[in-house]
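Look at the two complexes coming up: chain A is in both, with chain B in one and chain C in the other.
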Partner chain A sequence: MQNLQKPVARHEGLVVQEMPDEVLVYDLNTNKAHCLNKSAAAVWKNCDGSNSISDIAAILKNEFKTPVSDDFVWLAIDQLGKDELLEQKITAPANGLTRREAMRRVALASLVALPVVASLTAPTAAQAASVCQNTGAACSCTQANNSGFTASCSSLGGAVTGCTGACDCSVPGGTPANTAAGQCVQA
Partner chain B sequence: MQFIVNQDLPFGFAFSSYGVSIEIRTNGLELLTEIENLLPPASCILSREKPIDFLFEVIWDDERERISEFYRNSEQQTCDGDYSQSLHLIEIALRLTVAEFSPHLVFVHAGAVAFEDSAVIVPGRSRAGKTTLTAALVRDGAVYYSDEYAIFDEFGFLHPFPKPLSVREPWAFGKQIDQSVETFGGRQGAKPIKARAIVVTEYEKDARWQPERLSRGEGVLELLANTVSARTNPRLALKILPRAVENALILKGKRGDAEAVSKEIKKVLTKNAIFA
Partner chain C sequence: MSNGSQQENLFQLMTKVQAERIRRAFVFFREHEIEPILVKGWAIARFYPNPHERFSADVDLAVNPDVFPTALELKKRHLIGKLPIDLHCGLGQFDSLSFENLFENSRLVDFNDTKVRVLRHEDHLRLLAVHWLRDGGIFKQRLWDIHYGVKNRPANFDWERFLETNGEKRRKWIVGAIAVAHRYTDLNVEDTPIAEEVKNPRLIPKWMLRTLEKEWNDPVKFMPLEQVMDDRREVWRQLKKRFPPNPLVASLYANAPLNDFPRLPYQIINIFQRLMPSINRTKWQLQSKLK
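Let's turn to the complex of A and B:
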């Protein structure tokens, strides 16, 4: 059955950087960065509002010189939609399969790498530099018995906003019996 | 940028580091001398007439003999009652400002060394064991670039961030103690070079290093996760980081003993003499 939904790739608020076999996308609205592998990138590039799912499958078949099913394209569309890389999220027609089953079916039938979008939330400056920003930050030690331990955020500085740095857990006035890292959290 | 300088802060100077200019103003002359010793690497003093990017104002409380307030561009910063802790906070804020706002360079929180002009980058947050692995690589003959920031220019070349290694010592209750690279039998690198390996790793007791190979795009994400200006200037990061990884092998996996892993990394570099 022909699928007539025509996805549109989002471009506004994105920084896009092409690499030889991948595409990097930074979302300025969410501060999320994505890495689209070759298959996911090929689908995304062809989401121009004029191609249907079946059209994209045919374009990919021609590009990769191997059969590509509509299910394969749907797998990519599903991920791109979840990552807000499409103008509108579109849903695959219900075929009674779970996502895992659909992936398995596509993987077995495909000679092309499955479409994958790896993502992460970009850190704030202080997070990247491991600077705990809040002197009043609470710090809880992770060892089983916390009694006798003092806990303090080990790296402090910067403006007072979020804080997720590490903290020192040591016995006051003695050799630390256990310096397992705790977690500084915003007070 | 022009700032209205608090007239009660008569002492000061301006400096530039990695393209970021900062003016320090204070009411304590001795304090000013102390702050001069805390400037980020590659700092040079500027003439007072030049426009600056950031104004740091540090208020000294003569009566209580402590730093009472500290501002960056009029925004109050966290300040501890303890004098040495306050100085430490100012030092961190200066470095972070330079790392976040450098106009043409990308600062990645990472250890960085080189074997024969091939850089090995070990990105990671504090307590991931970066400095331990960096020190082990230096003991194994690597040239030291940094244990805090790997700095990449617009062509993806690594530049040094020359500072002593900040090693956590058990006798110092796990606090970081600065030790010169010479203590580890190494020397400081100066020449800009390309990365040949990005080693994404974290210490785990008894773990055996069996890294998986990541794609270069995934490698960029790993670096971005530790990039100070990721949110401030993502365009610059996305332009530079792909160039930084273009000749590199990207490996990810938990590690155990740093000395053993250091030797493995050396082997990997020898085996993979030429990368596509």
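Let's turn to the complex of A and C:
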């Protein structure tokens, strides 16, 4: 069956960071970050309003050098729509399959990694602070923190040469609102 | 991809996000004929070797106290939930110079297809030093703001403007903050006119070093009470943490010199200084929740 709907990727209000294997997208309207794997990103990039679902499947087939079905593209479109990364949400023609069944069918038929749009937790100022300034290397924080917390490198002091095991994420602090009740109060 | 590089990628994304937020904030306020000044965040990150390492979650903007109510109203009406802006009513709580003076000396810098107003570097560095002290020095990593602010200062940095306009007590606050950065981040001050002063081990009072190290090692970190109201245990921990008050915070709030004299009087004053705003904030928070 020909899929003639032509999805359009949303660009307004999105900040995009392209990586070799994935695309990170931040939605300024919802303040949510998403990570599109290579196949989801390929679908998204080709949603230009002129390509139909079948066209996109053909483009991906060329790009990945392996057969890609319309269902595969629909799977990506479904997730992109849910995360509001398309101008308009479009729905796949009903084929009587549940989403799980459709996914299984696509997975079995496809040699390309399934399209995945994962939601990310945007780092807080805190977590960013766990980047060791001396090396530029990001430290992995081993302790979970509550939102609004901050963190620091325990080796802060100039002698850090690597961050392995040197980070300490137990230094929360939060930033009090400084405009509470319409007055200037303590920051 | 390793967790480290994924986090690094995320920080790069967030740097772009922050840049867009700053651009939008300036465009928005300028449309309403309000000219804000960007403080902290990107305004200091640009002095870091890798600016994306100095990540901030919100956009700190200071506006003239005369237009603050309007700016606040605009923010409430149009920006809440869209742009995380921390709006400051002037900069009087951090600096003794008038907002007009700071504004006249501010600069427009090209950023992300717009011009962003930032403080003159001398003023900003002074503000960052005082801000760090007013927070009780609890954010150890923010010492790097001072570190890179001094290290990567412009060639024409005016030390007189930076130090001489605030009186002796405030001057010692600022030099003291630089001395802490020198001590804990290996900040090289040899090429500054304050090198001898900064290296003097008696400049930082012993109680201040004890306070800082205690704060940095304390597993319970300061959090606004209104953020923890749902967790009784955390409320209790936070209340315990506030008594006695951080001596550094108490000194700054009481506009006191950082010397060897006991801090107890300032701490007592501080309890009363902070009690009412804290009650107001908590009340406001609870009211908002009930609505």
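By our rule, the second predicted complex is superposed on the first by the 119 of 187 C-alpha atoms of A that agree within 3 Å, B and C clash if a C-alpha of one lies under 4 Å from a C-alpha of the other, contacts with A are read in each partner's own complex, and residues count from 1 in each chain.
Assume a residue touches a chain if its C-beta (ideal position, glycine included) is under 8 Å from a C-beta of that chain, and two chains touch if they have at least 3 such contacts.
Quick caveat, the model's predicted, so the values are computed rather than measured.
Enquirer: After the superposition on A, what does A:Q17 contact: first (chain B), second (chain C), both or neither?
Expert: Once the two structures are laid over each other on A, A:Q17 reaches both partners.
Enquirer: Figure out whether A:A118 sits in contact with chain B (first) or chain C (second), or with both, or with neither.
Expert: first
Enquirer: For A:P93 in the superposed arrangement: first (chain B), second (chain C), both or neither?
Expert: Neither partner.
Enquirer: Pick one for A:P67: touches chain B only (first), chain C only (second), both, or neither.
Expert: neither
Enquirer: Answer with first, second, both or neither: which of chain B and chain C does A:Y26 touch in the superposed model?
Expert: Touch partners of A:Y26: chain B and chain C.
Enquirer: Tell me which partner A:N37 touches in the superposition: chain B (first), chain C (second), both or neither.
Expert: Once the two structures are laid over each other on A, A:N37 reaches chain B alone.
Enquirer: Following superposition on chain A, which residues of chain A contact chain B and also contact chain C?
Expert: 15, 17, 19, 21-22, 24, 26, 28, 31, 33, 120, 122-131, 133, 156-159, 170, 175-176, 179, 181
Enquirer: Please name which positions on chain A make contact with chain B in the complex.
Expert: Residue positions touching the partner: 15, 17, 19-24, 26, 28, 31, 33, 35-37, 118-120, 122-131, 133-135, 154-160, 165-166, 168, 170, 175-176, 179, 181.
Enquirer: Could you please specify the touching residues of chain C with respect to chain A in the complex?
Expert: 1, 3-5, 7-14, 16-17, 20-21, 24, 48-50, 53-58, 65, 68-69, 72, 75, 81-82, 84, 86-90, 93, 131, 134-135, 138-144, 147, 184-186, 216, 219, 221-224, 226-227, 274, 277, 280-281, 284-285
Enquirer: Within the complex, which stretch of chain A touches chain C?
Expert: 15, 17, 19, 21-22, 24, 26, 28-29, 31, 33, 120, 122-131, 133, 136-140, 148-153, 156-159, 163, 170-187
Enquirer: Provide the residue numbers of chain B that touch chain A in the complex, in ascending order.
Expert: For chain B paired with chain A, touching residues are 72, 75, 77-80, 85, 88-93, 95-96, 99-100, 108-109, 125-127, 170-171, 173-175, 215-218, 220-221, 224-232, 234-235, 237-239, 242.
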